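The same subunit A turns up in both complexes below, where it pairs with subunit B and then with subunit C.
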Partner chain A sequence: MQSSQTPVLDKFLGEVDRIVRDKNGVELQAFLVIEPPFNSLYEAMIAEMRKIYPKGKEGALEQRCSRMLKEAGEDAEGATWTIFVKFMANYLSFIRDVDPSNLLETYNILSELQQKANSALTSPSKGLIILPTVIAYARVFARLAIGLDKNPELIAHLVVQSNSEEDGRRETLPERAANILRTAFVTCLNDRGSGSGGVKDGKPDGKKVGIYKIANLCLKILFQCDKKMNAEQIFTNIYNQSPPLSIYPASERVTYLYYLGRFHFSTGHFFPAQMALQAAYDQCLASPACVGQRRLILIYLVAANMILGRFPTQSLYDRPEAAGLQAIFQPIVHTLIKGDLETFRRLVDWDSPNAPWLMRRYKMLLQIARLCEVIVWRSLFRRAFVLTGVQGDNETRKAPTLDLNYVLALFVFLEKRALHPPERLDKFGPAPDPPPEAYYIDPEFVGADGKPLEGYHANVSLPSMLNIESKCSSLISQGFMNGFISHKLKRFAIKGAKEKGSALAAGWPKFWDVINAEAPPDCPGWKQDVASSSAGGAFGPGMVVNLSNARPVGSGPLG
Partner chain B sequence: MAASGPGAASTTKAGASDAKDGDTKDVQKPIAALEEDDEFEDFPVQDWTEEDTQLPGGNTHLWEESWDDDDTNDEFSVQLKEELKRVGKK
Partner chain C sequence: MDHGSEMTLVEQRSFIAQSLEQRLHSGAASDEEKSFIDKALKQRRGIEQRWEKLKQNREKQRRYYIATGKMQDPEKPRRLEDAITLVGECQDMCPEYERVQRIYQNDVWAHENEPMSLTFTRPARIFDEYRMVKKFRRSAAGNEEQLPSDLRPPTVLKQTLDYLFAGLLHDFKLRDVQTFIWDRTRAIRNDFSIQQVTRDEDVKIAIECFEQIVRFHILSMHEMSAPDIDVPDYSWAQDYEQMDKTLLSLDAYYSDNRDKKYQSPHEAEFRAYQVILCLKSPVPNIEDVISRWPPHIVNDKRIRKAVEIYNAGLKGTKKIGPLQPSRTPSFARDDWADFWSGLNSDSYSFLMVATAEICAMPIRDMVLKSFVKGFKQGGKKRLEDWTLEEMGKILGFEDLRQTRALCLKYGFKICKTADGTSEFVDPSSIGTRPLETPDGLPSQMQGRQAGRRRELRKASAIIQGLSVLEAQRSNLIIHSEHVLTENIDEEVLPEDKPLFVASDEESDGAESEPIVQRRSSAEKNKYDRFIAG
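Up next, the complex of A and B:
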């Protein structure tokens, strides 16, 4: 008789059936292990299967599962959970066949198993039982997907294969993995089984327990494999449908806010980025074991804050997780405070010693170079006023003014110096003319001898008066300078000096204050505590949030 | 940091160098795996309280929002003043 040939398997399936009857998801997950080495009981079961249900006999194995797993049959309400039977048969084939030395094959069969588990999760009445299993598998699955992405030689043939497909778009392995996990995430998000809007006694209820656990794994894959932009859908879904983030465990909150902050950072929404990252930093565990997480959060938080005109203090740099950050960021901060355009240009140059760190590792050099430049402009205009400005006269109601010709002279001086290596410059001497390599020649106008064609004038881009007026009006329109330009007199006149008590205070409001005054009320993607969110059903069409339309505060100056 | 420092020297060959402890370790260490996104590790525990987030001296001032600098005698200002003299500012 067949049953006597597989006593261990029979006992195992009997136990699974009992666990399902008990609705004990945690025990089910502990039972359905997938990572070798397996203990002797599992090994005995695997040996039985290799003998009685070897490869190719999956149909018979599924029938066996179907007979043994009575709980998956029709229940009192007439609902069945046949997908669980398919999942169990697939699980048994998985542990029978898995060979951890073959990463790609392991990934492929785990991918199938994950999808079966995801399907079993969709059952409104019983899906919840398998949620801990889905999450546990998702962890392993994400690790494998990332591991394979980091070993392109293992998946090179897949890239070739998908290239040859005519679907117009190539989905990479990590994207596909994230998409598989996303289906489980969506199931959790859409769960209506709990009947409480996903919140019970201030805690997530039903499958909604899994929202952030699975979302964070998707995000981990997408960020590790440099597919951040694919994360937008996850953030939008959460913003529209999730219970508030605050009711989830701290580890899930901090991890999610880290990825959300980084997403906003990479899309140029620095204020929301700062909000999410600051909250992640504040809520992170203070234990020395978490210095790595705190450091990663802090690196992006420092960059976002810098762009918004808020700089780290010594107390921050002195924290263990900030070790070494002062050497990277403070020289840049110093140029922002001084308006030292020359040094700023050098520090954000692609050839600067810290560029690999800022550019390739943390992918923030372009943002800092592009957006912090506005802070340098503001400081240089301000310094020009400190050095050359004409104070106003309250009696005659004459406004304080700044001659833009001086501003132009300083901009040109610093830009010209930045074109030369510093060792070739006299610190206090005049700026030499731009070196030949600074001249731009359109490749279309280069002759065979490598020189520009006759009549073509190579160009070097240095600020002009028009350019200075444009910078000035840009700073005024964004509120970073307060006054108006006299185009005729080439002067910037400061408004409100009398009220503010000084020309400087009136002309140059604090950068952060200006940013803060225009800050968005919340951070898209971060579900806050609102009365309606726990009531359920409060998400009408009006709640649809398009993250790409979020106002990029701080990105305006050059945007 | 000098352009010829260990960090700068290894920038062209990412992933090859290993990190050594030293003064420049934080600049040097990342270069070991320059092209990769740092992994945000799983936390050792699931949940914790607000008290567990408090660092020693936790309420210190961490961000400077008032940083405008009016010093006109620093090296940079002197440099600018020299240039202004050259362009005719009295």
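Up next, the complex of A and C:
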């Protein structure tokens, strides 16, 4: 008789059946281990299977599971959970076959198991039981996918082209892995089994418990494998369907907000990036164990703020997680405040000493170079006004003005100096002409002798008056300077000096204030609390209360 | 008379044959035309039998491929890992099955005919199977599956591309063959994609082909945006779409083969286009992407130059995603003068400038918006500061008519200066409302920057990526006597869709008969190069 040949397996399946009857998801997860080494009981069971259900006998194994797992059969409402039987059969063949020394094969069979578990999760009545197992497997699965991505030689032959043929897109292994986990995430998100919209006593209910755990694993894969852009769907789904973030545990909140902030950062949205990162930083545990995490968040938080014209204080730099950051960020901040275009150029050069850190490691150099320069322009125009500006006259209604020729002279002076190594420059002398190595011509126009072909010229770009007018009009139209340009007179005229009391205050509003006033109050991807939420007190800086249901004072009752 | 689509293919063919017979015997045709008609009639005889035979063979062929494991058996499902990748066996630019099918279905495109017969009405043209190139077909449901005999291996794909770029483009104006090449390069990419090439030598060919196709599209968008061009069938959006997809595939080829033996010497060039084109992307994440490129790419000066253009041109006023609700970035450089002054210098290759031109309309929009805010003084004072010439500088136009047209489209008034010597654009003439982007702007307008850099080199030199010097050495420099096709501009539609109503042209009477242009034998010989082999 067959049952006597596999006593351990029979006992195991009986226990699983009992656990399912008890609806004990945590115990189930503890039972269905997948990582060797296995204890002796599991080894005995594996030995039985190798004998009675070796490779190729999966059908018989499934039948066996089907007979043993009575709980997966029809329940009182007539619903069955046959996919759980398939999952269990797959689990058993997984532990029978797994060979951790073969990373790719382990990934492949775990991928299959994960998908079976995901399917079992979809059952409206029983799926919840398997949620802890799904999450536990997802952790291992994510680790394997990331590991494989870091070993391209193992998966080089696996370039999977999509079926859409010539449209150029294709799915890589980490993307596919994230997509597999995303199906489990979507199941959690769409769960209707729990009452009260997924929230019970201020805590997530039903499968909604798993939303952020699984989302964070997907995000981990996508961020570590440089596929950030694929994270869009996850953020969008959460924004549309998730219960508020604040009712989830701190560790899940912090991880999620960190990824969301990074995502905004890499897509050029520094204001929402700053909001998410600030909240992540504020909610991250202060314990020494979390210093690494706090530091990572802080690096992006400081960069996002700096780009928006808000600079770190000394007390921030003094924190343990900020060690070393002052040396990197403060010199840049200094140039922004002073309008020191020359030093700014050197600091954000792709060959500067800090470039490997800022560019390769943290992927923020180019953003800083592109946007912080606007802050330098503003400070330089402001400085030019302090040095050479003509104060207005309220009596004659004459506006204060700045001669753009002075601004041009300053720009040219600093740009020219930036083309030379600093040790070759006098501190205060006139800027020498650009050195030969500063000239550039596209290789397309170079002759056989390495010189420009006739009619073409190597070039060094130095600002002209038109460039200054262009920068000036850019600053004006974005609200960083207040006034207008006279193209004929080459002067910038300041508006509103009388009202503000000083030409400087009227002409140059604070950079961050301008941005802050314009910024929409929400942060896409961050599900906020509704106004009536009982979560009170959990609001951090940058969090927004959704008041769409509120009525203006005195508008009376509805109807 | 309208024969419409009710005519069956057989009826169409017999109708065309009748028309040709009529013409042959009408006495109106010249001897030369008669000989063409005669040839055309002969070609069309027997095509039905040939087609029937090929159709019968096809099923046999299909079974053979399945039996020998060269093709997937649709009846037997397999695991994804065991899927069979098709390997092409077709040695022609167009597989015979498709050639005959398209001849049978009256779907031979203009440039698949003997060029001498292009001056005739469509039915009298002599198709030339050596000139036929596999056309693009979606592999959607309902379409026939491709057999290995329908797919061209990489070397044949490269030969086909050479025919299109070095042959066809050498002898015809780009505007006349654009739609044809657009379609056929798409089919070439599709063949590559189905075969999923992985061998080093195949990957090398694929990369070379995709690189040339990207160059073709950039050049094409530039040429087709010239002020004097009006090709009704041309679609800028489709040109852009296919360039975008080709570039996406290239991106994958480059990164997937990072550790292989073959590294394209042109990668930096195409990465530079990728950077500039990100100005059009709905998600400006290129900075993050660049930070991951290997040092030899990042250190290429062209990448830095491309970043400069990207920085100057990135608009602060466009709402961007990807997350909803989309929003404008907090701020941008919006430095239009920097954008143009860079492009005016020789620091940018022709194709880099042409790529920037693809993205330039939103920048002109930004220029005008920031112009209104920055230079409007308020009050009733009429500003005469901005003459049309000066506006041309900030809009990147050489041609004053372009400047005028664009300013008018935005609603600016253009007035004569008080002294009557020149015209100026008045920033206050749009009133107090914020400047709106008008509907119906062209997608691209040829600016002043690209012209001089292009002028010397032929299209095929640009597509091969030759520098000015290399083009001179390969004698791919434009001489004024080039251009054979002047006389058929009117006649040849860039995209020759199947067309039934031959009689309209015929019934116009003898006066409008097409005339064969006499050509020297030297010119005739030129065509011989076309024949693939």
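What we mean here is this: the second predicted complex is superposed on the first by the 520 of 559 C-alpha atoms of A that agree within 3 Å, B and C clash if a C-alpha of one lies under 4 Å from a C-alpha of the other, contacts with A are read in each partner's own complex, and residues count from 1 in each chain.
Simple rule for what comes next: contacts are C-beta pairs under 8 Å (C-beta built on N, C-alpha and C of every residue); 3 or more make two chains touch, one makes a residue touch a chain.
Fair warning: this is a prediction, and the values are worked out from it, not measured in the lab.
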Touched partner set for A:R360, first subunit B, second subunit C, both or neither: both
First, second, both or neither for A:K510, with subunit B first and subunit C second: first
Which of subunit B and subunit C A:A250 touches, first, second, both or neither: first
Which of subunit B and subunit C A:F311 touches, first, second, both or neither: first
Touched partner set for A:F428, first subunit B, second subunit C, both or neither: first
Which of subunit B and subunit C A:L104 touches, first, second, both or neither: neither
Partner chain(s) touched by A:M229 [first = subunit B, second = subunit C, both, neither]: second
Subunit B versus subunit C as contact partner of A:V140, first or second or both or neither: neither
Subunit B versus subunit C as contact partner of A:A438, first or second or both or neither: neither
Shared subunit A contacts, counted only where both subunit B and subunit C touch the same residue: 226, 360
Subunit B residues touching subunit A - in the complex, by the definition given at the top: 1-3, 5, 7-8, 11, 14, 24-27, 30-31, 33-48, 50, 52-55, 57-58, 60-70, 72, 74-84, 86-87, 89
Residues of subunit C defined as touching subunit A within the complex: 80-81, 136, 138-139, 186, 189-190, 193-194, 196, 198, 245-249, 251-252, 256, 258-259, 283-285, 287-288, 290-292, 298-299, 301-302, 304-305, 307, 311, 314, 316, 320-325, 327, 329-338, 341-342, 345-350, 352, 369-371, 373-378, 383-386, 390, 393-394, 453, 467-469
Complex contacts: residues of subunit A adjacent to subunit C: 108, 152-153, 156-157, 159-161, 163, 165-170, 226, 228-229, 232, 235-236, 239, 263-264, 266-272, 308, 350, 359-360, 363, 365-367, 369-371, 373-374, 440-448, 452-453, 456-459, 461, 464, 466-467, 469-474, 476-478, 480, 484-488, 493, 515, 518-520, 522, 524-525
For the subunit A and subunit B complex, residues of the former touching the latter: 146, 150, 220, 223-224, 226, 249-252, 254-255, 258-259, 282-287, 289-290, 292-293, 296, 305, 309-313, 315-316, 319, 323-325, 327-328, 337-340, 353-357, 360-362, 379, 382-384, 386-388, 405-406, 409-410, 413, 427-431, 504, 508, 510, 512-513
